[in-house]
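This is the structure I have questions about; it appears just below.
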Amino acid sequence: MAETLLELENVVAGYGETHILRNLSLKVVQGERLAIIGRNGVGKTTTLNTVMGLTRQHSGTIRLKGQPIDRLPPHKRSRLGLGLVPQTRDIFPSLTVEENLQAGVRNGASIEEAYDLFPRLKERRRNGGRQLSGGEQQMLAVARTLMGKPDIILLDEPLEGLAPVICERLVAVFQELSRRGHTIVLVEQHTAIALDFAERVIIIEQGGIVFEGAASELKSNKELLDRHVGIAAPHH
Amino acid sequence: MTVALSIVVDGIAYGMILFMISVGLSVTMGLMRIVNLAHGGFALLGGACAHVLTMRYGMPFVPALAASVIAVIVIAIPLERLVYRHIYRFSELEQVLATIGIVFVMIATVNLFLGSTLLTIRMPPEVSLPVNLGFKVLPLHRIIVIVVGLLMVTGLYLLVERTRFGIYLRAAVDNQNTAASLGIDTPKVYLAAFALGAGLAAVGGILGAELLPIEAYYPLRYMVLFLTVVTVGGMGSIVGSFIAALSLGILDTAGRYLLPDVGTIFFFLAIIALLALRPNGLLVRPS
Amino acid sequence: MTSGLRIRNLSKNFGGLQVARNITLDIPTGARAALIGPNGAGKTTFANLIIGALQPSSGSIHLDGKDISQLGEAARVRAGIAKTFQITNLFKDLSVRDNIRLPILEREHRTFRFLERHDGDAAIEAEVEELLADFRLLPLANRLVRSLAYGQQRLVELALTLSLKPRILILDEPAAGVPSSDSHLIVDAIKRLPTYLSVLIIEHDMKLVFEVASRIIVLVNGAVLVEGTPEEISRDLRVRELYLGAGHG
Amino acid sequence: ETIKVGVIATFSGPNAIWGKQFKEAIQVYVAQHGNEVNGNTIEFIYKDVGGPNPDASKAAAQELLIREGVKYLAGFDFTPNALAVAPLINQAKVPAIIFNAATSAINKQSKYFVRTSFTLWQVAVPAAQWAAKNGAKKVVTAVSDYNPGIDAETAFGSAFEQQGGTIVEKIRMPLQTTDFAPFMQRIKNSGADTVFAFLPAGPATFAFTKAYSENGLKEAGIGFIGTGETDETTIDALGEQAIGLTTAYHYSDVHTSDLNRAFAAKLGELFPKSRANMASMGAYDGAHLIYKMIELAGTDGDKAIEAAKGLSWESPRGPVSIDPTSRHVVQNVYIRRVERDGGRLVNREFDLVKSVPDLGFDR
Amino acid sequence: MIRISTIDIVRTSLGGTGKLLPVAILITCAFAAFWLFPYDLGFLTQMLIMMVFVVSFDLILGYAGVATLGHAAMYGCGAYAAGLFAIHASPDPLLGLAVGAVIGALIAFFSGLLLMRAHGLSLLMLSIAITMVLQEIASKARDVTGGADGLTGISMTPILGVFEFDFIGKTAFWYAFSVLFIILVVLRVLVASPFGLALRGIKDSPSRMRAIGTPVYWRKVTAYVIGGTIAGIAGALSAQITSLVSVEAFNFALSADVMVMLILGGAGRLYGALIGTLVFMTVRHVAASIDPFNWLFVIGFMLLAVVFFLPDGLISLPRRVAGMIGARK
């Protein structure tokens, strides 16, 4: 049995005084590929942001590698091996592409790796972050997080706005990272892609988990999928 | 011809003082993007400290300068931890209110201990010796300021554009949450930058005191001047502030030489024209 | 006289970078066209040139035979061109309802009726409610947009743009951030649009593109690579290599 | 009976020094002379207006007149603050003693104004006469570009030319000027042997005198004559560069007379950190005048004004009297030079022009 | 016909009985102040004038989100215009107000053409520079304006030929209050109108506003002109009531004070502007008369306390308190 890397126990979190996550508990084990799906506004992003320390956590415990991290500021969590690709991309607009990447560099990562992954970024390396196209920003957001060599990568809809070819390439990259032992948590709207990629799937509804199981289980159980996510057969 | 030369020399010497007194602001307001109306407050504290050290305790100028800058940084650090840290998150308008509040308290404090008269700083007498440049006589003080100003702008440029700290700072300012989730210790970066800004303000206050003498109401009296330099230079650009300070110095000086009667109107009209043409200042970061 | 949008030799440079190269296109009234292409191909830039947020380096744009190249953005919106933003751009500190109401008031030229209340007109209020209902936004109507999840904001974005009742509608990745489960809301909304309206949709979700578009334009490196029916495009080898990848076809 | 006197001045903000000097001098006067006149208790009530602010000045006067029922108004550091109360004192028939505001024309706005300070004409004309007599031939005037500066420029210029001198250039320097180097260059280039300067005391004077000494004007043999630039409250801040500056003015805190020594002693006793200046003297003599008016006319404004006209007395600044037409103080104007005296700088008087009235009243 | 429309205006502005409450409070406050502080009418009148001024800035900053530091430009011009008009043309107060309003509007229009294209710091600086130029002109044109000594010789005839300006300042008080009241009613109608919503939209996202077909620039100029008109009226009021205009009317400190008062009370709320002015001026007045030397401490700490504990301004105080009491239950 692989060890638990990240654990949320009865987490209550939200914005200001409102509670979005209500007693959420989940475990992520070392090296796995976990997908989180759910309708709009159910709290997927909030879950990832809470793990990263960006939303207000009212109660509950989050442990990373067995150590409670609830009180830690985001940068300490990052240094413990967490990496987040935010849904809104959040490119630093006044930094160039290259500086955006440098801002993420830890543990001697090389920017060339990022350029190998996304040659488009290399072409635009001197451009200001604000001038990038939507898809270029998405690539940069992913690449920037990878510069920190995180053990566990939280991806919030990383395929959004990318051309299908790039999507495929990116999914392949994630698979490769997973093979190299990185743990990946993927929030994705495209249920089909998510189910193909992940081993395990969690469905969130109203700030709580309503399904947890193997991806294959969901794939074969259309009725279940319909009920929670409201999708007709995953299209491919 | 000699008039033109005089304008340039006097203008640069004056511009360098403008740069000196506002460079701290181009760090806190330009780079960190806090509407820091309390900038002059730190200059005031630095100047007041140097006044006390040189006049009351007879300390020589250079050690007094160093001690005063350190003192201001020592004041700035807890102030950042307790107050400014929260101000970063405020909206711009709230920042206006908060930093005005701080500046009032600073003024009141200096007023309480030292009164509201001019607080002179004793400099070594050689500093005010006229130096003959052949075509022109310039006080040694101005030459020192020019040299220090050049060193400062180079150092800051390298720090902001060429070091990891510079990248971290700019990233943290763009988006604190994202920077933090990339592992950047944003509170520390902010603290360091803020202390730097405050320290520079103190240096500027002290070295600029020859022209803008220190007194309790200094921060309010010259607020427009600080803002002008940073605005014309462009937010976030140290080099921009530098060029702006020099241009404004030359412009103002030219106005005084050539159109003394309407110098002020000329100066502000020129600023209006400049900002109408280049609304984001002379130099801005890529946007 | 041609009706619809006529674009001739449109070019745009950002410094040394050419992001639109001599684009010539027609989007006739009633068209359902899609613009696809690799990231950074210049799709958003193209849309911005049409709505007037950017000025072209050269070329012309005509709407129903009238040259609109010189008009500013607001004037073009009034002439009937509207666009959704790829990255949502909403009135975050206004309620969802006000976000819809505001463009309708503008459209109806109500702004200078200083003596009316902004929510005082029954017809406008009815229209607001209808749009909110269409996009299932009624339960959120009084929330500030700032507090909505990203996907919810995408829906507001679309509703807001439709409230302008444009004749040329440009949708920049309308489904981005909307879960596949809800993308049918968008498809439905597009299908419900009156036929006098031309739609140009920029989207990377091919399922949606194939569902709504009758013509597809492929933009690569700022130039039109091919233009054709969905079948033609999905068969095109270059498009498959450059854009669609192995998963499609 | 208590007779109240309302003092309107600036007690807060960058110009608070005015209010402070006024108040201290009044307190010295009261300490020396008691607070009773003819059995009436005199009570001074201070109102802050925070700087040149005519709106506030008028509101303060209204409040003093209505609520406090003051019978005399006093203070007024800035001209607009004095002018703003003119309609009120005309209606209320209450005398207003001006301790500073130095525009001649104020006293024309109301017959209830009496002034115990000075006007620029009063000091600039003697400055010109003295300069002409002491070898100045060509003078350049350099003044701050606002009404007092213009007054000084005109007064000095007309008097100097009358004495046969030439004004080679008139320089007006913007009030906001911080760097005076360009003006120094112009002064040098003008070919003058003397510069007559007028600037408000404080940062402007500081930077001006600094520029004067650093740009080698002294070495170039260009003399300096001014008026109130070397005010006692800022003179120490000017430092060494001030030594030797010559000014024509009506009061120096080292004026040698028993009265002045007594005044200084009392001030030092009550306010050890304070130093007297012309504002103190305006207020001190103002207080004296008010006491006199009460003694002679009680609380009848019209009678009090009549009583004030022509009054003369010995003040710590020397002999003074109130000119019946201009209701302005007639006084000696002293020529002084800045010297070091122990740990401080002082304006040492070495010459004087006797009994000068407000020469600007009829312009 | 006209009657009906005025009633309509009043009704829309009051918008039902619930909204009548603040109006009632306002009038009650005025009467209360009048009876309770009969000796401070001068100060109270100054405060009312300042309220007119701050409320005009609220339209620009609070609603349209345009932050300037040169609002005194219109105030000063309104003051000089009204003063000169009284001296040279007619001493009628209401005519003078109209002149102040027109001049305020003109200055706002012409400077607005330039200012409304600018943003952020550049906008602040431009507005400061314009005010400085105007101040410099006023102080140089001594023959017309009296320069630094101030413009004297203003005297007014009775308002409407009936109410004479009295020594105690009763007329001035009610005059200023009536003007404030009318302006508040007008502004309430305005901010509730589609125009008001459009301004809030502009504040929120100008780029989106443009994308819904709004000529943002002209909207902002319009708002600036309306704000400038009211600022001109405030200036005119002050000239008429003080009977003197000084170059200080253009002071940077005045523009800054206005901004501070507005944020203190709560920008974007008309009553916030009133409360901010009331509190700031009262505290300053009281603190400065108790301890003129140290009153800045009081103001400084008050500003800090408000930003830290009442980020939406003083106007959010009742809601905050209610919230705290509610939470405790």
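Read from first to last, the chains carry the letters A, B, C, D and E; within each, the first residue is number 1.
Please note the rule applied: a contact is a pair of C-beta atoms (placed from the backbone, for glycine too) under 8 Å apart; a residue touches a chain by one contact, two chains touch by 3 or more.
Just so it is clear, the model here is predicted, and its values are computed rather than measured.
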Any chain in contact with subunit C as well as subunit D: E
Distance-maximising chain from subunit B - centres being C-alpha averages: C
Longest centre-to-centre distance from subunit E, chain (CA-based): A
Centre distance in Å when subunit A and subunit E are each reduced to the mean of their C-alpha atoms: 51
Whole-Å separation of chain centres (CA-atom averages), subunit A against subunit D: 75
Averaged-CA centre spacing for the pair subunit D and subunit B, given as whole angstrom: 36
Intercentroid distance (Cα basis), subunit B paired with subunit A, Å: 43
Junction residues of subunit E, two or more chains touched: 136, 140, 293, 296
Interface hub residues of subunit C, defined as touching at least two other chains: none
Per-residue overlap in subunit D, given as positions that touch at least 2 other chains: 16, 145, 174
Touching pairs among all chains present in the structure: A-B, A-C, B-D, B-E, C-E, D-E
Subunit D to subunit B touching residues, read off their complex: 13-14, 16-17, 145, 171-179, 181-183, 185-186, 202-203, 206-207, 210, 213-216, 219, 233-234, 236-241, 273
Subunit E residues touching subunit D - in the complex, by the definition given at the top: 38-43, 45-46, 49, 136, 139-140, 142, 147-150, 152, 155, 167-169, 238, 241-246, 248, 288-289, 292-293, 295-296
Of subunit B, residues touching subunit A in the complex: 164, 167-168, 170-171, 173-175, 177-187, 236, 285-287
Subunit D-touching residues of subunit B, taken from the complex the two chains share: 6-7, 10, 13-14, 17, 115-120, 122, 125, 128, 130, 137, 139, 141, 210-213, 215-217, 220-222, 225, 249, 252-253, 256-257, 260-261, 263-264
Sites on subunit A touched by subunit C in the complex: 15, 37-42, 45, 87-88, 120, 124, 131-136, 138-139, 157, 160-169, 189-192, 229-231, 235-236
